[in-house]
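The structure under discussion is supplied below as structure tokens; questions concerning it will follow.
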Amino acid sequence: MVKPAVRRIGVLTGGGDAPGLNAVIRSLVKTAIREYDISVVGFENGFGGLIKNQARELTESDVVGILPRGGTILGTTNRDNPFHYPVIKGDQKTFVDVSDRVFENISIHEIEALVIIGGDGSLSIAKELYDRGLKVVGVPKTIDNDLSATDQTFGFDTALTTATEALDKLHTTAESHHRVMVLEVMGRYAGWIALYSGISGGADVILIPEIPYNIDVVVEKINARSKERKKFSIIVAAEGAKPLGGEMVVKQHVENSFDPVRLGGIGDVVAKEVEAATGKETRVTVLGHLQRGGSPTAFDRLLATRYGAGAAKLVAEGKFGRMVCLKGQNIDSVPLEQAVGKLNTVPVDGELVRVARQLGICLGD
Amino acid sequence: MVKPAVRRIGVLTGGGDAPGLNAVIRSLVKTAIREYDISVVGFENGFGGLIKNQARELTESDVVGILPRGGTILGTTNRDNPFHYPVIKGDQKTFVDVSDRVFENISIHEIEALVIIGGDGSLSIAKELYDRGLKVVGVPKTIDNDLSATDQTFGFDTALTTATEALDKLHTTAESHHRVMVLEVMGRYAGWIALYSGISGGADVILIPEIPYNIDVVVEKINARSKERKKFSIIVAAEGAKPLGGEMVVKQHVENSFDPVRLGGIGDVVAKEVEAATGKETRVTVLGHLQRGGSPTAFDRLLATRYGAGAAKLVAEGKFGRMVCLKGQNIDSVPLEQAVGKLNTVPVDGELVRVARQLGICLGD
Amino acid sequence: MVKPAVRRIGVLTGGGDAPGLNAVIRSLVKTAIREYDISVVGFENGFGGLIKNQARELTESDVVGILPRGGTILGTTNRDNPFHYPVIKGDQKTFVDVSDRVFENISIHEIEALVIIGGDGSLSIAKELYDRGLKVVGVPKTIDNDLSATDQTFGFDTALTTATEALDKLHTTAESHHRVMVLEVMGRYAGWIALYSGISGGADVILIPEIPYNIDVVVEKINARSKERKKFSIIVAAEGAKPLGGEMVVKQHVENSFDPVRLGGIGDVVAKEVEAATGKETRVTVLGHLQRGGSPTAFDRLLATRYGAGAAKLVAEGKFGRMVCLKGQNIDSVPLEQAVGKLNTVPVDGELVRVARQLGICLGD
Amino acid sequence: MVKPAVRRIGVLTGGGDAPGLNAVIRSLVKTAIREYDISVVGFENGFGGLIKNQARELTESDVVGILPRGGTILGTTNRDNPFHYPVIKGDQKTFVDVSDRVFENISIHEIEALVIIGGDGSLSIAKELYDRGLKVVGVPKTIDNDLSATDQTFGFDTALTTATEALDKLHTTAESHHRVMVLEVMGRYAGWIALYSGISGGADVILIPEIPYNIDVVVEKINARSKERKKFSIIVAAEGAKPLGGEMVVKQHVENSFDPVRLGGIGDVVAKEVEAATGKETRVTVLGHLQRGGSPTAFDRLLATRYGAGAAKLVAEGKFGRMVCLKGQNIDSVPLEQAVGKLNTVPVDGELVRVARQLGICLGD
């Protein structure tokens, strides 16, 4: 083995949690220590720990038993951007650049490089830190599978599995009661979970952000099923689905404030209109955070493990400013600037959408 | 074997569906035919099929493969009470007694007795039909486990399992994000699902209809955990939980109309108050119909199978006006009048509540 | 609260592991500390740790997160009976009484009472220790549900669930291939897992130790199914099932030696004979240790939690020489001498067996 | 839409069953009928039904509800090669070519093309039929993922999931008892299931056919773990794993005869040697047919659905003699001659094996 480019690294997890984060951490720590003799420091609660110097050494014994566990042993948060950090003075909240603290803490721990496991937001910060001189390696994380620089992200398969199991459960109730069941799943900008789970779960209608829907088409589909004596229907709606010509109906997701009266996410909106137009009892289930939780699937554990090992390799070889990714069957890497910004949305003329249509699934258009 | 009291029976499933309905039907049909040489007619969609004469013969081959399947092959509905049947004339809806049609259809199919699988509502109708001379046997069904005449109802264990699995999933996200997660589960009048799943899923707070909660106590519990450096908390709230001195906050459940703006179920209300008082990010998951769906657990399949066989036995022995039930380890039966009306709620001074308190779980009081 | 009878106790887990052991430990530790101000010492690896003084203090933080986890954090073993402890001198193994070491270690840790979580073997040692003056409380543990002094043991529902899921999986292959599938499940002396999972999983033949089987009857059943054009059959066999008039065919289970050539457990024997007699392809699956593993079901977590709290209560109230148990819906206790020795076997004329027969399931007789 | 190349096709499933077969059939039937106006005839029990003319029309209503179900509604068998069909005369079994019956039955049903869903064996027959003039399209099916012409086969992800769940369960018992647990999984020639599940399930040793193992290396690994105070170990062995310089130890798999005394598969052999050399209790679990059963995972349902649609498209476009396959993210096709013969084995110097080694997993070499 050649001499590794660095001897000591940091790692943090940022953004919403995803099944497989622990598997990445475990693989990174074990590979760094065993294969490259690189020691690892874990920062807690995303960029917050990097700013406030909340950190601890991660040894092999710290990562024992975490492979099958959801969540992240490091903690995570959607807040605490070091370039846009909130400061409250009296009644006023302003945002300041506290990135010097990041470099200070990096220095305190004698860290030479940083592995950042996160989504679009975290990786944008990663890129900015890299531009300012920090040796950074990124690992892509998004439940929604909407990063264009990698073929698949860990956590997605688990979320898809949870959504598909929910559809299996809703099927029996829908059939028994001759109802329309609406399942609202994650996917604010990309409809992957809705499309995949809808096909896998045998949905009749799938609504995704990429294809604005016409409610009349949806209603027509359900009525057509009734005429064929199929008295129930299953609709899967990505949270970011939107009506044709209309605004996206966004459920209130404001991170630091709670919305008491849920203003009806897209699932509620669709259900209301379908019930009014068809006269059929319609029920909504919003999967929400269940999609982020639980033990990762075998696939996600494997992919996460490969990402962790891949990140360790990039670090050891001194290939900074890059993000590990999956290309076909292989682990590869791309520059961080390619990793962010461009969304991986469902191709509306692609094979998957065509397969759905051929099966008779209504896409709302 | 002695001569069975009847040679031909009907069966229907009423009310909301519950995992295990198919197992009851299968067991009833197989046992009636094989053991007692009694033939079986299935009425579709609850009492609706009994009124409109939607029925079909059920043979052994009709029930092949349905044991592990959720839902009911007969269909079901919450509507269509033959003693209070809606008739729409012009703009007006009135309710009439159409029970004579029930007797007519029973006669058309040459049925001598009827097995009614349902909850409090369906069993009340069963009792009324029995009082008017129909030979009736009841089978208890309620997800909520709130029937006092039986130790346990099928479907409850499956709902409990679904709720517990959801808690397992929410745990990882709560831990990773230092959040408060609220899970709203079924239980409008009885807190069994909330209490059992809360203990099984390691909840910190459990709110049930039987114990009005003081939000200050809940907030205090969460703050106390923070001081012990347990930065997340899990709250399970039965949908029928209510604040001390306050009104029950009922989510709009009106069966035939859809409520566009979900007016915040109890989960939302609790979350809002907790977030405001603790400053911690709080998220709500409403399990809803997922609790009614899916393949029944081994326990529920077994209990449902025993109920089906027990109902066949009652019919064969001519013991009408009774409902099968579980007493300790044994299948038994009680008069229908005992079966309805009295709710099985959680004893607030019972062992289960005491165990919860001793573990440090906050009950909100 | 009255003054507890003791201020410091020990706990150990003995015998084969069962899902729910950790839930018992957690509940015992939390309840003892919080409710009764009793401290707890955990002995490792069953009676071995009690003899060799391998022990550690158990605090509330030691039991965080273990509720949903299978196995036991204390470790366990089937060996190390203090009254019959193996000593190897040269080539010879002799057995000696080392129980004085037990009392010595109890004294070293200033323990006043001992909670022993185990099956028939461990509880027999518990009774002997009690007879010699140690304050002992027992908690029943057996996957097989074969203890007569309690209505149900934790771990059983999880094992049953694993067996039923296996039957669901085997069904699809059996159907597709027109095969006979044999599933061998646990149950050396009692057929509970086989009988319950066989009914829940829709088996065609169930063989249990309590009903010696006639292979001709089994073959006849399978041939009868073929004539009805049901071309596959599912057989569940408890490992202790035995042919009529024959010896029990015991798979080599010698605990401290491995048997290289598996001499065919009962599953293999039945399969061989069925294949020879029917000409149908027959396949065997031996579930083995999968039945002991995994996260406990909601039911088992709850029962185990109640047992742990019940044991803490017995200890605090000074009720020694007793074992917690479930009677109907209630946690109760019985003297240790009632707890051991008498096996809880399946009543061959009971309701469960009758239900199975009425469904057309062949019991081999 | 252009005119489809044919108006009526047949379909059969051959070889061992795999989760997802029903999803392929459903997708093929729905797409053929809805999209291309092609009718479909299903042959039963693999090539047997093609030879004996056991067939039925498949309409859309025949495939309702089968998406989540394991097995195949058409039945399947490993026997009945039309070019090598067994005929028994007196005591003698000879093999004859009965392929003319295939062409006759194809003609009787007015079928213009045949879709064959199967593994290496079935696809070889498919190729031979194609060479003799039958219009054939193949769909790859192998649990083992060992077909080189496609990146992945359906059923593999489900088998992997079952194996990983088994490892999760065995972990708790291994830890509790300080045991060595051996899990024998499928993979006679290729170690994909063992390697993937071993990484995903946190195994310590993985033995695959591609890397002959040295038992001393395995023993050394387990002893080294003991020295680090990790007192248990998990070994995953593919059924086709073999010792260095030794013969493959094949469990008796002779399809039409049952082996009464299981002669110890590789799992038993490894366990015996490990127990003898380390003195640690060692237990074996053979997953067997559980890996073929159960509801397909979301991934497998999706892949199978895409294959079914892809096969319908090939047929409609008149592209015969080809097999659908997955290349990267896309559904593609290859000539049948590429599809058979070349095995997809684990690259011994590939990334996956390297990742395993870096994590400290012993590959036995």
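What to note about this one:
To keep things simple, chains are lettered A, B, C and D as they appear, and every chain counts its residues starting from 1.
Keep this in mind: a contact is a pair of C-beta atoms (placed from the backbone, for glycine too) under 8 Å apart; a residue touches a chain by one contact, two chains touch by 3 or more.
In this text the structure is predicted, and so the values were computed from the model without any measurement.
Between the contact lists of chain B and chain C, the overlap is empty. Where touching is counted per the definition, chain A and chain B have no chain in common.
Per-chain Cα centroids separate chain A from chain D by 31 Å.
Centroids built from CA atoms put chain C at 42 Å from chain A. Averaging Cα coordinates per chain places chain C and chain D 35 Å apart. Taken residue by residue, chain D touches two or more other chains at 168, whereas all remaining positions touch fewer. Across the complex, chain C meets chain D through its residues 13, 16-17, 19, 21, 45, 69-72, 75-77, 162, 165-166, 168-173, 175-178, 181, 255-256, 258, 260-264, 268-269, 271-272, 275-276, 281-286, 288-290, 292-294.
Those residues of chain B whose C-beta lies close enough to touch chain C in the complex are 27, 30-31, 34-35, 67-68, 151, 157, 160-161, 163-164, 168, 196-197, 199-202, 295, 297-299, 301-302, 305-306, 309, 312, 328-331, 351-352, 354-355, 358-360.
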